[in-house]
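Letters A, B, C, D, E and F name the chains as they come in the text, with residue numbers starting at 1 for each one.
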């Protein structure tokens, strides 16, 4: 029995959450399903004008991604809290923020990555110019991890609070706004064939900020929730 | 050390009690003066006619709303780091007033928007960011309301306020930037060409009045909070029995 | 002096509804806040009194 | 090694305990006793550092556990009321993850033999949700077996749901651990008979 | 201790879920603002062009509805299942479908009704013609209960059964679609001043069907889940 | 009254028990014994009708409980491993809801006195999540007290987490209930000493 290294612990936490998700694919499906539903809801309302659809597509994709990722937030720490795993994590000699990063990574792989992968389908639905696909994937790839990170804060803060799960979302959505704005503008700009390095670099910067700051915030919130 | 002396509720409670009325008085007088200037001295605006007179509450409210959030976050942060009870109480006392001003800014703005742009609501940069700010306030208050254990509520809300404070500027500028993207459709809220200095003067006075009001209300609310929380402490009981006998 | 009559003052050059509306809303909001503050104070008092007597 | 200096703790206005002080040397078993709701779990969580104290402090190797949390946690094994098991994962997976989180990686064979030793042979790969109550607790017994080199055990009602044979096994485990100069702080409503080097009763008033 | 009447039992179940979800008036307020927040996200994605927003409004409202109901769904039966309350309900002498109706009603009151109440404000944000307000209220009033009922089936099916999530989603998806289509088209049609009795009557029919069938379906699913 | 006709049950291929038959008359206590994982909980759930049998049937008043579920349920009180309590609600609310679901409305005063009788005085309005483990179980003791007119009790590990005084109280309650010709089927790893009219040990092989 040797001392477990930092990263092996992180990997195990990640692995665990992924395993649980795989065993009950429900959550995963729900997220994707919601994403697609939201995206397919608008064409019906809009009617024939395709250029209108083309304009709203980026925004819709992003809002859908935003809302979809909030769906799984409530369960992010709640189950660990209920079954006592969280206590064990708080008592772990490894830095808590490390375990948190593991969990957030898992959350992104479960609720964020699938959206990125399926997004081209939606772009097709709103017939986006093919050039903008790359931009969309990039933007989502940079943006969705941020959604998970920010969402994690909300989830940790509302841990152990009764309610219909609305509070978490209410706390988190305002913080999502910058991601939403730059993400969607990246897509629409690239659709009109312009340069989007600006938006992407902003997203990247935000992501770095998030990676630096959120694990701390989440760990603090978790300790507060349990004591 | 003096600062820490006043960071204890026991010493702050009576102090706040003494100060609050004076700020309240100042707020009242300044409001009267400001409104007098606003309505009787300031001339009609050649562009908007009388509609612009909303500015005397709208703008102070708008700025107060943003400023109070930062102040709140600051107190919350201090409370989280130094674990001083009073700071957290201050943060709590600030939230409702901030939310109130945000709401006022939004409604007066809407009421201003109808005559000037012909619509109650437009997704203009400042309006949008104000709306988001309102949600930040509401989130803060909702979170605090839904955690029974007050110490926990304070800490959790402190984290939220800090995260929010980091985001407020990011949100504000990203919204600004977003709005310039879609300049075509958005309505301009650029400063009316030349606001007569007397208008600015009135606006400024109302701004100070809003300040005084906030301070007065917050101090009073802090006293309430101290009462609610420190009920079982000795000093408060003594104080109360004094008040009761007096 | 901008107004020759109270009527004119209230009419606000056609913008009466908006101007007075916003001032009214503001007044109401402030009134509400003060009222809630007062009530809160009252309850706090009562409670601490029962505490004292108890 | 483990010292409590007049700990005081109150919940929702109620004072649960105050002025609790004790000092535990290696090989000691401290049995926290008291009626339901007297504050045993709270005391245990306070010692583990999970919940804060109103007053007093806990020291490990003479140093405040909150100031030197990391060293303390590395030497701590906490087993609470809640079985920290993921219903959808197997005992094997759960056990290895728990150990990993506790900072001590173990190989699959080691985990398997530990599970077999606590009578979970044949259930190693069954999702925990199908296990019986006692079998769930036994996963934690396996964890204890693997943490024998960890100097401090905090156990909250470890005998719950165990059958007679399981209780005996656990007592044997505790005795061996204490002989190897471990420190145990535990709560239990069921009688335990362990002739340990030294044993201490912490009585809490209801 | 007298025998409890049917309805008193229903009321108690209802009351319990409402209590668990919202203790204070504040929780209701949070839900209301949550809807406004969700709606406000779209403009930041697609831009402030009023006429486009006007077209999207119906879709937006229904997305909000869908989100709210799915948010609280996963915990609808899961918590009862976890803490053993479900066993007690299955062993109750009262008909299970009655208890189920109570729970579904609670779910609608928590996640659906608030939206109905706040929707005029959203309509105002996306300046909808005042004539369409009535239609919107009606459509939501008919549609949101359906979302709760359909979601209930899904939630019950996902219980316990391992990894059945995907299957469930595929099963529930086709049920959601008509509600969303007719719901949003009702609003948009009325906005263009046309007659919407068609959509409304379809929604009404669906609702009746749902009320008749789902309690039974859910009860069955629950019994299976617990065995 | 309650008859089991060679019940057989297997889980995931394992045969848990088979050919289990017994007949319980009023005033009888049946104590199901067996090692962890031997199938006690499964048997209890089978009797309650919660889980199906592979073979055999359970009869209440001579009628198959699955065919006449409603009458059976009206006379049944089942208390499982899981405390069916909502963490955010108070003991009072939880108790009244549980009783209501069991089809027997009770007034607030009745509930309050029952809670007081099991030592939860002063905790009636505290959210259950703040209660100690034993206090949570005591809410169920209150439920038992209020269900004394219900002819059949099925109890799974009712002694869990109860302190000595609580165990004694529960045993007293059981004795009284049995004297009033109730039927109890229970599992327990802890020894219980009840001189009842008639008592039966159902032994399950591990």
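Here are a few things to note about the model shown:
Operating definition for what follows: contacts are C-beta pairs under 8 Å (C-beta built on N, C-alpha and C of every residue); 3 or more make two chains touch, one makes a residue touch a chain.
Not measured: the values here are computed from a predicted model.
Listed by label, the chains that touch subunit C and also subunit D number zero. Contact counts per chain pair peak at A-E. The two sequence copies subunit A and subunit E touch through a face in which the numbers common to both exceed half of the numbers used overall.
Put simply, the C-alpha centre of subunit B and that of subunit F have 57 angstrom between them. With centres set at the average Cα position, the gap from subunit B to subunit C is 16 Å. Per-chain Cα centroids separate subunit A from subunit D by 36 Å.
Between subunit B and subunit D the centroid-to-centroid distance comes to 50 Å (mean Cα coordinates, whole Å). Multi-chain contact residues of subunit E (touching two or more other chains) are listed as 20, 23, 27, 30, 33, 37, 44, 47, 49, 82, 162. Across the assembly, subunit C contributes no residue that touches 2 or more other chains.
Each of residues 132, 135, 138, 142, 146, 175, 178, 181, 232 in subunit B touches at least two other chains.
Note for the complex: subunit E touches subunit A at residues 20-23, 27, 30-31, 33-34, 37-38, 41-42, 44-47, 49, 52, 55-56, 58-59, 62-63, 66-68, 70-72, 74-75, 82, 110-111, 158, 162-166, 168-170, 173, 176, 180-181, 184-185, 188. Subunit B meets subunit E in the complex at residues 119-124, 128, 131-132, 135, 138, 141-142, 145-146, 175, 178-179, 181-182, 184-186. Against subunit B, the residues of subunit E that register as touching in their complex are 23-24, 26-27, 29-30, 33, 37, 40, 43-44, 47-50, 53, 124-125, 127. Interface residues of subunit C, counted against subunit B in their complex, comprise 1-3, 9, 12-15, 18-19, 21-23, 25-26, 29-30, 32-34, 36-37, 40-41, 44-45, 47-49, 51-52.
Residues of subunit B touching subunit A in their complex: 132, 135-136, 138-139, 142-143, 146-147, 152, 155-156, 159-160, 162-164, 166-167, 170-171, 174-175, 177-178, 181.
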